[in-house]
Amino acid sequence: MKGKLTSFSLLTTRKLFTALVQLYVIATLVFSLMYVMPGDPVRLLLGSNSDPSPEAIAAMRSKLGLDQPVLTQYAHWLRDMLHFDFGQSVFDGYPVTNYIRSGLPNTLELALAAILVAIVIGVPLGIVSALRRGTPVDAVSTSVSTVGMSVPVYILGALFVVLFSLHLHWLPSSGYMDFSRNPVEHFRRLVLPAFTLGFGLSASISRMTRSSMLDILSRDFVRTLRAKGMSERRIVWRHVLRNAAIPIVTIIGLQLGNLMGGTVLVEAMFNWPGLSTLLVDAVSKRNYPLVQGGILTIAALYILINLGVDLLYGLLDPRIRRKRT
Amino acid sequence: AGNTLYFGLSGEPSTMDPFIMTGTTFRTVKLAIFRGLVNYGVDGKLSPELAQSYELSPDGKTLTFHLRDAKFHDGSTVTAADVKATFDHIMAPNSTASFRNQFVIVDHIDVVDPKTIRFVLKQPSVSFIHYLALPEAVIVPAAWLAKHKDDAGTATPIGAGPFKFVRWTRGRELVVQKFDGYYKKGKPYVDEIVYNFYSDENTRVNAIKSGDVDIIDYVPSRSLAELQKDPDVRLERTLGPFMGIVFNMHSKPFANADVRRAIAYTVDRDAIVKTAVDGVGTPIWGLAIPQGYLGYSDAKKNFYKVDIARAKQLMAQAGYPNGFEARLVATSQYSFYSKIAVVLQAQLAQIGIKLKLDMPDWTTRTSKVAGGDYELAIIGDVGEVTDPDWLSNVYYGGKVPVRLSNSAYFDDPEIDRLLDEGRASVDPAKRAVVYQQFVDRALDLSPVLFLMWRDQSYAVRSNVTGFTNMPAFLSFQSGYSLENTRLK
Amino acid sequence: MLEVDDLCIAFETKQGMRPTVKNMSFSVRPGEIVGLVGESGSGKTLMSLGIMGLLPANAKVTAGSVRIGGTDLLSLDAESLRKMRGSRMSMVFQDPLSSLDPVFTCGDQIVDAIRLHEDVSRAEAYRRGVELLRKERIADPVRCMKSYPHELSGGQCQRVMIAMAVACRPQIIIADESTTALDVTVQKQVLDILRDLNREVGAAILLITHDLGVIYEVADRVVVMYRGVKMEEATTADLFAAPKSDYTRALIAAMPSLGDRRDRLPTVASALDAVDGEDVGSTAVHTEAHPRLYAVPAEPGPRRDAARSTADTRMPLLSVRNLRKTYVVRDGAFSPSRAFRAVDDVSFDIPFRTTLGLVGESGCGKSTLSRLIMRLTACDSGSIVFNGQDLAGLSGPALRQARRDMAMVFQDPYGSLNPRQTVEELIAEPLVVNGRATERAHVVPRMIDCVGLARSALGRYPHEFSGGQRQRIAIARALALHPALVICDEAVSALDVSVQAQVLNLLKDLQHEFDLTYLFISHDLSVVEHVSDTIAVMQGGRIVETGSADAIFAAPTHDYTKTLLGAVPRAVRPLPPPPPLPPPPFTQALQS
Amino acid sequence: MNLRILLQLCRRPVTCASLAVVALVVLVAIFGRELAPCDPYLIDQSAVNQGSSALHWLGTDELGRDLLSRLLTGIRPTVLVSLGATLFAAFFGTALGLAGGYGPAPLAFFVMRGVDILLCFPPILLALLAVGFWPSGIGSLAIVIGIVYVPHFARVSQSAVARVVQQEYVQAELAMGATWPRVVSVVVLPNVLSPLVVQATLTVAEAILLESGLSFLGLGIVPPEPSWGQMIGTAQDYLSQHPMYLFWPSLCLALTVLSVNLIGDGLRDLLDPRLSKS
């Protein structure tokens, strides 16, 4: 709070530096995963049903560089990281960067679509239940979101598929279509997975919205807005919601981050070629370069999201903003 | 293209390196692109492919192949030099080829002329030819190998099979296209195969039901009934892989054959089939030798039966009248493993064996089993070849627990001798006798306990013909029949 | 224009309905300014909210009617009522800071208020907002428009509220304590704006205030309220000349007025209180519509020990030197920041056991200064020597220890009360913090009595009180420990003169008894004159004049001080003293 | 004090009903084994995937075990895991959030950036790591799931704290010379409670589902021990064949989660003096 004037670029540089340090820490943790996670990828690499000789195992280890001292491995790995070289998938030597490049946009797209759905459902639901606190409307809205919360996505997805594609034939049951090949179809295929994910997420958003709105609705300034003759809708959507936004934004940020690596079930269910599936597959097969690359990517996104959320706090609450500068 | 076959695979190949075996999905792709000297045909017999014919010398030590006029996808002709280069690559000391171990008995390979090649073995082996039929022993151009020594996993694969590789968009699809220069005239019948990957079982089943794909593999057992009823879909079923229990001989109770026999008398395989795999499968009360294979006999088919009294007596005889505690390694990643484990736990409790279940994820489980870190473990396997030598993989003894499918540290000289003899005997009658003796010994010692045959089904839409689910152990090689597949 | 007829408002409680406004009837004609005075907690705010249709959820109109130009507001549907609010009738709320939306700039809020009812462009509305603020004598209207409420001083917020209320030139304006945080010069300006409106569009204005001086200056008629009941209604002249009710009489007697320093002020007590022990401020149903009330004459309080006082006054308790504070302000999210000097090279001393009165125009940095002293805001430079210790360099436990000897009554009492603590917990808090929790059982009730609140208030939460009551809770909390230094930032501005007198007497008594030292910030010069030993006058972040109270009031030297004194509204000095009666309960409590 | 809150909660019929449900769940968690009409582990190959019958009121599962008995027996691990995880996450997460929102600048910085780092690891990875370190069991499962949600609580509480700290009543408390534990416990925590209560009720549901999601890693509740999450996970395979198998555990879960949420709402409203009528 000193009168020191921090320039925008200095602030950005500092944030960037922090993010890099965070990434470095994550990278190091991720690297050490290899040594603490149970299970050895070599057996899988040599084929699931085979009878490999000890020489073959040794050869594979040396091919993966696993026979070198840990610190050497770490040094090499770090050097590669600095060149944005995440290495290659241990199975076929396909560059991890390529995997990420193809998976990431899809994951992002699905995540954003899902979060959009969640917001569009969750926020109004939460608002309604806050405004009608203690009435049947509140109870119904609470029940709907609770069901959304307690029904696992695979069941919700299965229901959606049965209803909208097998019965009504409105939407395709699964698959992905390149945007460039057929934009309409591309979005049609996005609908079901996005709704499946978004519905569950909307529950938390609506709960948080309800609670946070209630906090604000009893503030005195709401009375002032009414005295100005502002319509209830505008009071709620413009003023109360904005005052109540911080916890909501927090939870949306958390969910968005989670979606980066947490859409496996839905991706698998709808055959959506995203990063989550890749990552989980890589984890379960101990495909370490891919695990490391994947987590670092997700971490970078997460840090970005958190940064965004933090900035949003500032935008939403001038006190937090002024404190920071 | 109008004549495109869509194939829904249960997973995505993890590599394009033809010499590595990473499961069924890749074999299905591989057998569209590559051919070996020989392969298993749809009838389950060895079928001459790139080799027009071959001879085995009477001492069983020399195999000579005569190549046919075939072309690789790059236009070059298949020559003996390509064959030699391929096998040299597989057998190289630092090779990571999956079946390298089966080739170490090759002493050397001679290129007799561009169309003739000779394999000289260290010991006589009748079964060796079968390993040449594996999809992991396919022939690639020598030039390709030289160029792609290090990036075989990602390089564009070149084979001499019916389809050529077009593209692989990871996470989405793999496309192959009809190869006009395929040596079987007129084949293949479809212009293009698009492989899609459906790791989720329900999604895969939905995809065949809705007609998004024409064929799917690994039909989940619980969906069989439902698909059976679907008029648009035909099931190609076979009993391929088997499930069993292996014992760690370093665990005191299980080193005792009586305990293993007692367990064999206790486990109700019927119950396991009914519960763990939804009734789709066949119990195995003896050894997992498919009918028609050497070593199969009706008489020994039901060697063990449920006989708790007998089992208890055996336990007492072994010194465990009150049972003991043991750790069973399975996995919770695949439900049939965990269900078998739960059923086993309940059943073995009858003779006082209290099982503690250790059910990590698949990879952890695999390293545990490979490292002998278990007392008993559930395995699932398939004999890779139709020759009875596949039994070596399960029974051949060793001082280290390297193989996934044998009981850790099990080492019986008599069994090893019989397996060696069986492999080396050229005379079929003698082989029959040897393997009969083997079966008796294996049943008696019961180092591996077989539970059941698992169903291995493909679902095919009714407008598709010519796709064959190859019988028994060969089910995983059914991709071979894609060259016969037609679309109506 | 505005006709209130037999209005009754009650709170829903677990024990049933608790009537709080009882049968209020009055009217305000177009072009008229009616003053509403009354005891703190008597239901003035509640009644205004009732008129506006903005009652809190737990309050209900139980009877009566409110009519504006013939339309019955109480039977109007929500939408038509909404349309009337802001355009035809508007209200200035008592607690300006908490009544403004904290996340929008004041400019946005003013612009909004205009554009809700008038079809004008943003730029035009903005221009009008700036114009209004300028008329209200805000120093830098553009900065004010771009500021968020928390970046403004109490008086500035109040003027923003007023700007919002008058922006659409409504026909009815209810101004609830709307000039309490304004110094007299600005107050005059604001009242002029109201009066202009009154004249131009014939607006009817209901002016709720405790400042009888203001009433005297601007109101045409006055309504007096006591415990939810109308005591009397008269023209201003009549009221001051010949008050009819006991309460009014007592009120006028309790009013401190400039140039008339008394040691203690007379207060008001009810005969009923003495009888049944009901405390002032409670809203118990009275059987008598007009209880007997009387002014308690100023009794001499406990006297200070003369010897002690001279010995201690040599070393100042608080000595502030060259204190500076700069705020960084930005005109937009990405525009370059510039420095704004809120406190500029301020130095002063407060001798032990004396009161320094700090006056100055609104926004000149008084509150900032007090926060700097408490180290709630870090200063840029300067020293704050308290009890021989420089606070500016302290941190951690040392700072905590030093703070325990100080207490502060914040200008915005509501904002400074933890909404999740009951009054009992709030007042006990300093005791608990100081490890003297065992004393709470007798200190808390005593304090609540001293500030004239009912014991039943102890179990309630801050939001359930009137503005004045909250202020008293804050005072009770600050005084609970008898700290060495008490900073009172507009601590009595929301109190009616009788309660104010009671509190001021309390402050004095405590000062004598426990050697307290006060920094007393106020706009009410008569109050300042009454309590202060020395006075500092502040303008634009600097102290422009200091001196003893007598000297300054007698012969101001600085121009600003002169204008300030010249602008004080003076009510007539009324009435002979009423008959002597038994002492009110709080003095007994204090002496016990 | 607590009793008073409980009594007040009981006053609203909805909350009262929810309390009853939760009380029932807790009772069953304690006595579930005794209440189960059949042996929950008894495998019956002749009665797999059956619907309701006189013998098996809710039918049987894929191994022919009695669903009702398994549901009842499965409550205990479910409750222990979800409650344990929520408590763990709430305690440590809120502590971190307080440090991040109220602590001195360097500490706050490191805490929040550390939380960000923890947030970056997908749950399955954490779980896999745990498998390597801890023996499987309810305790370790609760801790692992707890760790997954620690950063969530941390961020939610940090953002709420950051806002509350700006309020004048916090400064008033500081001005009294209160120590930080006092400020935190009396002023900060009570005022950030409402998002935390919501976060906690959300976590209870998510923990139950995550438990089933992680079961394929072999962490936690080892079969044949039943848990609701696991039952739901297995039942989805039989969705078309035996929908009631999925229905019952889902219903139990939804009811419990609903009750927990309603109690959360009630508690939240009760703790907010501006909402409760005096």
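Note that the chains are named A, B, C and D in the order they appear, and that numbering of residues resets to 1 at the start of each chain.
Here is the rule we go by: contacts are C-beta pairs under 8 Å (C-beta built on N, C-alpha and C of every residue); 3 or more make two chains touch, one makes a residue touch a chain.
Note that the coordinates shown come from a computational prediction; the quantities given were computed from them, not determined experimentally.
More inter-chain C-beta contacts link the pair A-D than the other of A-C and A-D. Note on chain placement: the centre of subunit A and the centre of subunit C lie 51 Å apart, centres being C-alpha means. Computed centre separation for the pair subunit A/subunit D is 21 angstrom, with centres defined by C-alpha atoms. Averaged Cα coordinates give subunit B a centre that lies 45 Å from the centre of subunit D.
In this assembly, the C-alpha centroid of subunit C lies 48 Å from the C-alpha centroid of subunit D.
Counting only residues that touch two or more partner chains, subunit B has 202, 333, 360-361, 364. Counting partners per residue, subunit D has 128, 131, 166, 239, 272, 274 as the residues that reach two or more other chains.
Touching two or more other chains at once are residues 150, 463 of subunit C. Pairs of chains in mutual contact: A-B, A-C, A-D, B-D, C-D.
Looking at the complex, you find that subunit D touches subunit C at residues 166-169, 171-179, 182, 186-187, 190-191, 271-274, 277-278.
Of all the residues in subunit B, the ones that touch subunit A in their complex are 14-17, 20-23, 93-102, 104, 136, 150-154, 169-172, 196-200, 202-203, 206-207, 209-210, 212, 333, 360-364, 366-367, 370, 381-382, 384, 393, 400, 402-405.
Those residues of subunit B lying in contact with subunit D across their complex are 201-202, 220, 222, 225-226, 268, 270-271, 274-276, 278-279, 331-333, 335, 338-339, 341-343, 345-346, 357-361, 364.
The touching residues of subunit A, when paired with subunit B in their complex, are 38-41, 43-56, 59-60, 62-63, 89, 91-94, 98-99, 102-103, 106, 158, 161, 165-166, 172-176, 268-271, 273-274, 277-278, 281, 284-287.
Against subunit D, the residues of subunit C that register as touching in their complex are 12-14, 58, 150, 371, 374, 376, 399-404, 406-408, 410, 412, 415-421, 429-430, 432-434, 460-461, 463-464.
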